[in-house]
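Written out below as structure tokens is the structure these notes cover.
Naming follows writing order (A, B, C, D, E and F), and every chain is counted from residue 1.
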Amino acid sequence: MAGDVPKGTDMATLGLIEYDQASPEVRAVYDDIMATRKTDRVNNFWKAIAHDPTTLRRTWQSVKEIMDSGALDALTKEMIYVAVSVTNQCNYCIASHSAAARKAGMTDSMFAELMAVVGMANETNRLASGYQVEIDEQFKT
Amino acid sequence: MAGDVPKGTDMATLGLIEYDQASPEVRAVYDDIMATRKTDRVNNFWKAIAHDPTTLRRTWQSVKEIMDSGALDALTKEMIYVAVSVTNQCNYCIASHSAAARKAGMTDSMFAELMAVVGMANETNRLASGYQVEIDEQFKT
Amino acid sequence: MAGDVPKGTDMATLGLIEYDQASPEVRAVYDDIMATRKTDRVNNFWKAIAHDPTTLRRTWQSVKEIMDSGALDALTKEMIYVAVSVTNQCNYCIASHSAAARKAGMTDSMFAELMAVVGMANETNRLASGYQVEIDEQFKT
Amino acid sequence: MAGDVPKGTDMATLGLIEYDQASPEVRAVYDDIMATRKTDRVNNFWKAIAHDPTTLRRTWQSVKEIMDSGALDALTKEMIYVAVSVTNQCNYCIASHSAAARKAGMTDSMFAELMAVVGMANETNRLASGYQVEIDEQFKT
Amino acid sequence: MAGDVPKGTDMATLGLIEYDQASPEVRAVYDDIMATRKTDRVNNFWKAIAHDPTTLRRTWQSVKEIMDSGALDALTKEMIYVAVSVTNQCNYCIASHSAAARKAGMTDSMFAELMAVVGMANETNRLASGYQVEIDEQFKT
Amino acid sequence: MAGDVPKGTDMATLGLIEYDQASPEVRAVYDDIMATRKTDRVNNFWKAIAHDPTTLRRTWQSVKEIMDSGALDALTKEMIYVAVSVTNQCNYCIASHSAAARKAGMTDSMFAELMAVVGMANETNRLASGYQVEIDEQFKT
């Protein structure tokens, strides 16, 4: 499939697989993504990894299962996703999951507090390791 | 102060400053930590960075301000803290903030979902960068 | 053992779920791990995440699917696993996957070269970002 | 071009040193890079760090020594390089070493499996640390 | 405030708050930044986080307190900032703090040595963890 | 000791190569380490990687060349090493390079300021990426 995709300057490694280029297996995943998310758009992430239908299917099934509301609601999960992505400096994930969190109800104030916690946690993580702090007895089971 | 601390095998870089060894400036922070958290114990983290009273005071003030309930509740903030600490592999912070999150109401089910999201986000962060996915136009505004 | 451990609000870990304590759902995964890996032992990793049977099942299915020989052989995959774990400083994963790689045929010489590549890649990653090197035109398609 | 670029105190990058601007010392490294890699092109990475001929020489000598076929073949080493670069989110290195791996024989299927392993390892690294899993006795020598 | 900012393709998440759009509280911080740094320009970083005046104020106060000359001079502190930013692959921070370090007196030779140390430390960090090196007894007190 | 340790397929570490077990090639590096550092002790790091004499030699030569006083003095370099190691959460490297920095003259006050800068840089790195701040025009060459 990769060989069929015309390569341009705005492409991912292997390019993006658009719906009308996709195999039935890939289309089935795209359809489920759009139905689950109630949208008619599939993000570039899925179109890029669609070059590997096995990874596409497994990743989507996992994301779908994990991100659904459960003991934690969908908004909290999206904010946790952003927290991880910001810590890892993954620009694509920061952009897409910040958008998803807003769609799930994150307000400007919630975003501001999310960033403040993420920043502070990254700071104290290093103070703890730099000062080589031993874990308190009561935190060891 | 560091010079007064008897060094043993279980010490942080500079050792821990216990309450009765602490200067009035450090004691005032310890007192505020215990009053704010409604506990009679100060974690090793604070006792370790107390060797630098300026950092102790500033870090505590920041943590106190940031972690208080606001647009996000205290439990959500503690789980975000755990998410960052796990991503950074900071063992001390994982232990102490998992305990803090449980104290704030995190159940086993919530912990399980938190871990699942953190794991998946760390995975897709790398798929996004490895496939060199371009940010979708609609996420760029 | 998890059930035997008195848990308090300060407790961080959940303990390990041994086979004879496990639910049928968890035992089924343990059985498949032992059968697939031709061993009578289940690593602590699985016994720890067994507190969340959903994550246990999904993670094992993914690992089983991904780590099996395909376009890349099992040894190469284990060495890539080690490369990631070393880069992330995950001590548990370094220990367990180095052992797995050796079991799959990694010699001392292969380990030595693996470490050399991982070290050098971590170095040049930072030289590239520190010197703010632009991606070459020919790598952009 | 570096010499032609008017530099101010706000300037971050030093520009690239092209062959015809380069000192004999730098040219000797460029010549060896092109001869070793059987190409007439020197990547931007080398042209950027050429501002420090000592680092250029040492880094090239190390890369040349490490990446040559030995107990591990050149393709395996390039894929390990990509695994590290993806984990670190180094965009330059992902682009250049993915290209190098393809040149060394990495197929689309191999790339797909490489990404799957890197993604999964990044996920389980965090599950291991988040669940605070103790290293199994048999993995401790 | 965010709602008032016209969004364009080159914007941060919430856009940038320019001086003449800013509230008195935000302007006071901008004024202090310009006075402290003896410049008539406020970097995009501050204009972006100004959407959260609390974080803006706290972060600026902390940065101002920490980066001032003390036991370590301002140039050394800026180089340490660059070392962290390069290790984390934070492109914005690399660009802005490299510029700040140059303004504080960092020469090309100092930059070259800084990069060499950062690169080498990132390499040996992984050799140490990959070889699972135990901490020497004399470093444990 | 490595030779004395019965090794099985599950074994991860290779043990340490002590001086009197070492080959002439390894001893020559140990001798140079002790002579250069004016000590009669070789750190565990070198004894661990000595299982790969090529990596031992190359790493020592690079470290020796890079860490020597130049445009930056030896103490500044050691502190930069600590900054990187703390950011990466490499416990071995934090312990050994904090000791080296102290030996090179780092006082408690300098250590405290080093930690404060490292913590703050790790925080603002994430605020910059989380708010998706664009690089200021004046920082782009």
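The rule we apply is simple: a residue touches a chain if its C-beta (ideal position, glycine included) is under 8 Å from a C-beta of that chain, and two chains touch if they have at least 3 such contacts.
Just so it is clear, the structure is predicted and the values come from calculations on it, not from any experiment.
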{"item": "Intersection of the contact lists for chain A and chain F", "value": "B, C, D, E"}
{"item": "Chain F and chain C - chains in contact with each", "value": "A, B, D, E"}
{"item": "Comparison of B-E and D-E by number of C-beta pairs in contact, larger one", "value": "D-E"}
{"item": "Same or different contact residues where chain F meets its copy chain D, judged by the half mark", "value": "same"}
{"item": "Farthest-lying chain, centroid of Cα atoms versus that of chain A", "value": "F"}
{"item": "Distance between the centres, which are taken as Cα means, of chain E and chain C, whole angstrom", "value": "34"}
{"item": "Chain centre separation in whole Å, for chain C relative to chain A (CA means)", "value": "21"}
{"item": "CA centroid of chain A to CA centroid of chain B, Å", "value": "23"}
{"item": "Per-residue overlap in chain F, given as positions that touch at least 2 other chains", "value": "10-14, 49, 51, 54-55, 59, 62, 87-91, 95, 98, 112, 114-116, 118-120, 122-125, 127, 129-132, 138-140"}
{"item": "Category of the chain touch graph - line, ring, star, complete, other", "value": "complete"}
{"item": "Interfacial residue positions of chain F with respect to chain C in the complex", "value": "9-12, 14, 49, 51-52, 54-55, 59, 88-90"}
{"item": "Residues of chain A that touch chain F when the two form their complex", "value": "82, 86-87, 89, 91, 94-95, 98, 114-115, 118-120, 122-127, 129-132"}
{"item": "Of all residues in chain D, those that touch chain C in their complex", "value": "12-14, 41, 43-45, 48-49, 51, 55, 59, 62-63, 66-67, 70-72, 76-77, 79-81, 83-85, 87-88, 90-93, 95-99, 107, 109-110, 112-114, 116-118, 120-125, 127-129, 131-136, 138-140"}
{"item": "Chain D contact footprint on chain F (complex, rising order)", "value": "5, 7-8, 10-13, 15, 54, 58, 62, 65, 138-141"}
{"item": "Interfacial residue positions of chain C with respect to chain F in the complex", "value": "89, 94-96, 98-99, 102-103, 108, 111-112, 115-116, 119"}
